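As structure tokens, the structure follows; a few thoughts come after it.
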Amino acid sequence: MNRRRYLPRWAVTVLSVAIGVAGIALVAQSDSAPVAQASPSQGNAAGDVDYWPMVFVFLLSTFIGLGVIRRVSRLLHTPLMSLTNAISAIAVVGAILVAGPDVPPTIRLLGGIALFASVTNIVSGFLITDRMLKMFKRDEPS
Amino acid sequence: MSAGWVELFYLVATALFIFSLHWMNDPKTARRGVGAGALAMLLGVAATWAQPFVVNHGWMVLAVVAGIAVGYPLSRVALTAAPQRTALSHAFGGLAAALVGTAKYYLWLGEGPEELTTFRMVAIIAEVILGCITFTGSLFAAGKLQALKWVPQRAVTYPLQNVFNIALLLVAVAIGTWLALNPAAPAAALLFPVVIVIALMFGILLIIPIGGADMPTVIAILNSYAGLAAVAMGFVLENNLLITAGALDGSSGLILSIIMCKAMNRSYLNVLFGAFGSVPQTAPEGAEQGEYKADSPQSAAQIMEQATNVVIIPGYGMAVAQAQHRVRELYDHLKKRGITVHFAIHPVAGRMPGHMNVLLAEADVPYTDLVEMDDVNRDMPQCDVALVIGANDVVNPAAKEDESSPIYGMPIIEASKARTVFAIKRSKNPGFAGIDNALYFDEKTWMLFGDAKHVVGELIKELSGESAIH
Amino acid sequence: MSAGWVELFYLVATALFIFSLHWMNDPKTARRGVGAGALAMLLGVAATWAQPFVVNHGWMVLAVVAGIAVGYPLSRVALTAAPQRTALSHAFGGLAAALVGTAKYYLWLGEGPEELTTFRMVAIIAEVILGCITFTGSLFAAGKLQALKWVPQRAVTYPLQNVFNIALLLVAVAIGTWLALNPAAPAAALLFPVVIVIALMFGILLIIPIGGADMPTVIAILNSYAGLAAVAMGFVLENNLLITAGALDGSSGLILSIIMCKAMNRSYLNVLFGAFGSVPQTAPEGAEQGEYKADSPQSAAQIMEQATNVVIIPGYGMAVAQAQHRVRELYDHLKKRGITVHFAIHPVAGRMPGHMNVLLAEADVPYTDLVEMDDVNRDMPQCDVALVIGANDVVNPAAKEDESSPIYGMPIIEASKARTVFAIKRSKNPGFAGIDNALYFDEKTWMLFGDAKHVVGELIKELSGESAIH
Amino acid sequence: MNRRRYLPRWAVTVLSVAIGVAGIALVAQSDSAPVAQASPSQGNAAGDVDYWPMVFVFLLSTFIGLGVIRRVSRLLHTPLMSLTNAISAIAVVGAILVAGPDVPPTIRLLGGIALFASVTNIVSGFLITDRMLKMFKRDEPS
């Protein structure tokens, strides 16, 4: 019965609290910014950066993450750790955006180091996960 | 590549990341999950790189080549070193996040301070603080796990430690808040590095009071922090792919740390807010001890031969002794005699979640014979012999019976329900939780003292010797 | 209310909608789910209404009051009318979407045609087409279900029906595409209503070829369309709450229709693209028929008394006869005698998914005694008496044995594995799928011909009479 | 085993195809619009309306929907239909945005009808769902 629940009770609590805190902070910030006339015919007008869609995306992907990860086979928790480690190397996108454009060399240097670090993670993370998973065999090997 | 295509690539990458984790729910599809994840990463990189304003190709290729050169050897480490590799990798992730955040701040400060809105500044500060904590914290954790000389293995505690740590964090947050409100003030460019330094220090201070054996939980939490840093980076760069992938990571770390806490019966808040827990004390030397009954591998092998149903319960000791290949041989020998053999896998046996599964998979044990705790406990009364190999806490009946025990309430594998129990360990020392194990004093338990690899080898010798005579 | 607060309310509402559906996974938490959903709706309405540019309060209050006045009685209909209420409600939903889309188009056309970007136009056209199809389609489906006089009950088919329908849809899409590219052309304001009219017609044409009994699947698909219309509205109004809630609905309709298709062994694509399926033919009159063995309620009651394990298999006939309260009495009488009684619930027994569960719950049968098909089949060989009440297709062994049968491959409740089978129905007519049922010719089956309510009443009389004598 | 999967195979296929088609259509549209210089320091610049965040939100909520709905108890499929029916009445938000502002009376009329229709759905949908759910009892009633 318990296994069939999409989210456990604690997740409900944590999410609610987090949403509450983050939400109030964001609102405080967007209200301090010049409030645009959010008429229905103008969408993106809630302050300087329209960050609300990003907050929605964050909320929804957290829900998905909690739902998906809770269903990962217990057998595979060690590879899961290295796989999510590899996925967190998505910071590589940020590194390229900083290292790539025509910006002062110091900035580029920082970006380059970040790029190096992320690529290291990508390569080692995916490869070691695959190496571990290759070992999981279903049938009696001959 | 035009903006539309970039966003499309990001969208597909997002879906692939979700499928990647989704496919991990079954060993049959798990490798496809890795493929999906790698493809998603490739799409993300390609789409970002192919944008017209990305021009420093030479410099970036250099960084990528260096990354591959360092990353490849890191993926070939022994699996026993997997935890420290993950920790090291988190450190790199934290570093990347911190650097990108810092770079963006100074870039915007130089180019157009009006870009530094409060929202962006909050995101940058969050990214940098989380990144720095992850960086030094993970490095330190990796050092502890690798048992480096200059890293203290045991928990280091001192008076007012928590008060000091929290005060430090509050200072960083206070400066950060001021920066967020005055991003372009003359002092800001100087205060920013202060925040970085404090966060770097805090990462170390956070890990110092935690014992080496508690590191897996810490690693999961750091995973979560690394994910959140990526989310913050996504807010800074207004990039939904970063937000999604980061949130997936964040939840993964959160859930894994909670699973570990539950299985270890530790408080969950304790972990969520930095695992400031004190490490369980080792048992007092003078505690009254019962009688151990030691046995020889010879007679143990004879009893096992007569069994029809054997359950092997591996624990941290099997990992330490690197006995998994020998255990696999033992399993083969028993199976050859028509004996039903299963492995009972406790979720926190060993030192990382799923540790036993990877070790046994490495030794080619089919995963269909690895049985989860709940299922195995149901069948335990039908079991003739339970062979405990280097496990201790995960079979400690105190967790069920002794309300005063620190592990009371932790779910265990109920080895004591089997008809006969053999336990392999080197000495009378307790395990991770530092408490005695009543199972070993039980009248149906026989101890096989010695290194796991050695003792299992003896058992095999006995079994194969016998089979030669037949 | 400032924009930030509105977005915050929307965010919380989104989370609540997700929790609402999440809590439906267990009857224990399901009512909390309804509460969460209603609260989310309230937050959405309040936040939208409280914005400064919303000024026509009187007019809107009028609409709300009228809505409540119509909605409340609709919520009190008999549960047997629940499908047509849902259909009617989808019609209202479709209407709302179509009206909002139309209003936005003419508003933008009048105020500033430069607002009518291609993206927005595509979204508006999608919203209006989906909304109109849902509107007329659902109205028509509701009429069929309510068995209104002027609505043809049986499937109406004519030559080239599918070709004509698809051609019509293509015309609508073609006009829509032209409109999207030339939103402000002089002809546009006139072509827009053409699209509306075609979509309205298409909604009816889509439902005409589908028999009344197939309506539940159609309703699920229309649910999905209503959800997608809300998503399109969200794209038009750039409103994430609409997009999220609409997507949740869309997936719900999709999954329910797929569950129904699987359980009825119909093709899934067939349904996804409009359920253009032809209805199964009724069995040829002259088909060879075996021998039915009829029995009296008296002797059936005597055999049931001796049983220790009875499984009741309800079907559409129980719903038609409104026999659920009597069945509940029967269940009580059997239980009183210490007999184990369970209900075997087939996922598509009746005419909507979960139909039997609601009916039996209405009659106060505890849901813990409602057993799902797979679980009940496992225990069927231990069952002494299987009592089939107005079910037919869901116990037809042809689904397992006869490869040429139209229902071959559909999972069934294996009543024939029980020691004795009693089947209550009025006649020798087949059920929904229109095919004979070999179970009724089985040597261990006895038919109890008659209306379900009446026959069950007889059984009760027999059982209670007996108990009075004891 | 099957029950533990987050998404079934067909969902994977359908989603992939849908993403592909929608994606290409959207890209075609955004490329026909004047392409802004999407420098990393300028976020919302991909065409006239920045609809990509909305597409992300749609994708993510579809994933959530599929995951959550597949776990709804089979017992409750009938109330589920009326609950999602009530939720689809979220169109009420759009109705308010059309009926509320100071717009020509015809538009307001359309909005008012839409508002009426949506409120009807909200009221009847939630009430009937609750009515059905109230009937589901766990224990033998006395």
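Letters A, B, C and D mark the chains as written, and numbering starts fresh at 1 in each.
Note that in this section a contact is a pair of C-beta atoms (placed from the backbone, for glycine too) under 8 Å apart; a residue touches a chain by one contact, two chains touch by 3 or more.
All of these numbers come straight from a predicted model, not from anything done at the bench.
Enquirer: Out of curiosity, which chains are bumping into both chain A and chain B?
Expert: Intersection of chain A and chain B contact lists gives D.
Enquirer: What is the chain whose Cα centroid lies farthest from the Cα centroid of chain C?
Expert: That would be chain B.
Enquirer: Please tell me the distance, in whole Å, between the geometric centres of chain C and chain D computed from their C-alpha atoms.
Expert: 19
Enquirer: Averaging only over C-alpha atoms, locate the centres of chain B and chain C and give their separation in whole Å.
Expert: 46
Enquirer: Could you work out how far the Cα centre of chain B sits from that of chain D, in whole Å?
Expert: Using C-alpha averages as centres, the distance is 37 Å.
Enquirer: Quick one: which residues in chain B touch 2 or more of the other chains?
Expert: Each of 14, 18, 22, 25-26, 51, 53, 107, 237-238, 240, 244 in chain B touches at least two other chains.
Enquirer: Which residues belonging to chain A are in contact with no fewer than two other chains?
Expert: 4-6, 26, 29-30, 39-40, 43-44, 47, 49, 53-54, 56-57, 60-61, 63-64, 68, 71, 97-98, 101
Enquirer: Which chains are in touch, pair by pair?
Expert: A-B, A-C, A-D, B-D, C-D
Enquirer: If you look only at chain D, which of its residues touch chain A in the complex?
Expert: On the chain D side, the touching residues are 3-6, 39-40, 43-44, 49-50, 53-54, 56-57, 60-61, 63-64, 67-68, 71, 97-98, 101.
Enquirer: Going by the contact rule set out above, which residues of chain D touch chain B in the complex?
Expert: Interface residues on chain D, with respect to chain B: 1, 4-7, 12, 15-16, 19, 23-24, 26-31, 35-41, 43-47, 52-53, 55-56, 59-60, 63.
Enquirer: Spell out the residues on chain B that touch chain D in their complex, using ranges where they run on.
Expert: Interface residues on chain B, with respect to chain D: 2-8, 11-12, 14-15, 18-19, 22, 25-26, 51-53, 107-108, 111-112, 115, 237-238, 240, 244.
Enquirer: Considering only the defined contacts, which chain B positions touch chain A in the complex?
Expert: Spelled out, the residues of chain B in touch with chain A are 14, 17-18, 20-22, 24-28, 30-31, 33-34, 37-38, 41, 44-45, 48-49, 51, 53-56, 59-60, 62-64, 66-68, 70-72, 74-77, 79, 82, 85-86, 89-90, 92-93, 95-97, 99-100, 102-104, 106-107, 110, 117-120, 122, 219-220, 223, 226-227, 229-231, 233-256, 258-259, 268, 272, 345, 347, 352-355, 357-358, 361-362, 364, 366-368, 370, 372.
Enquirer: Once bound in the complex, which stretches of chain D touch chain C?
Expert: 10, 25-26, 29-30, 32-33, 47-49, 51, 53-54, 57-58, 61-62, 64-66, 68-104, 106-108, 110-141
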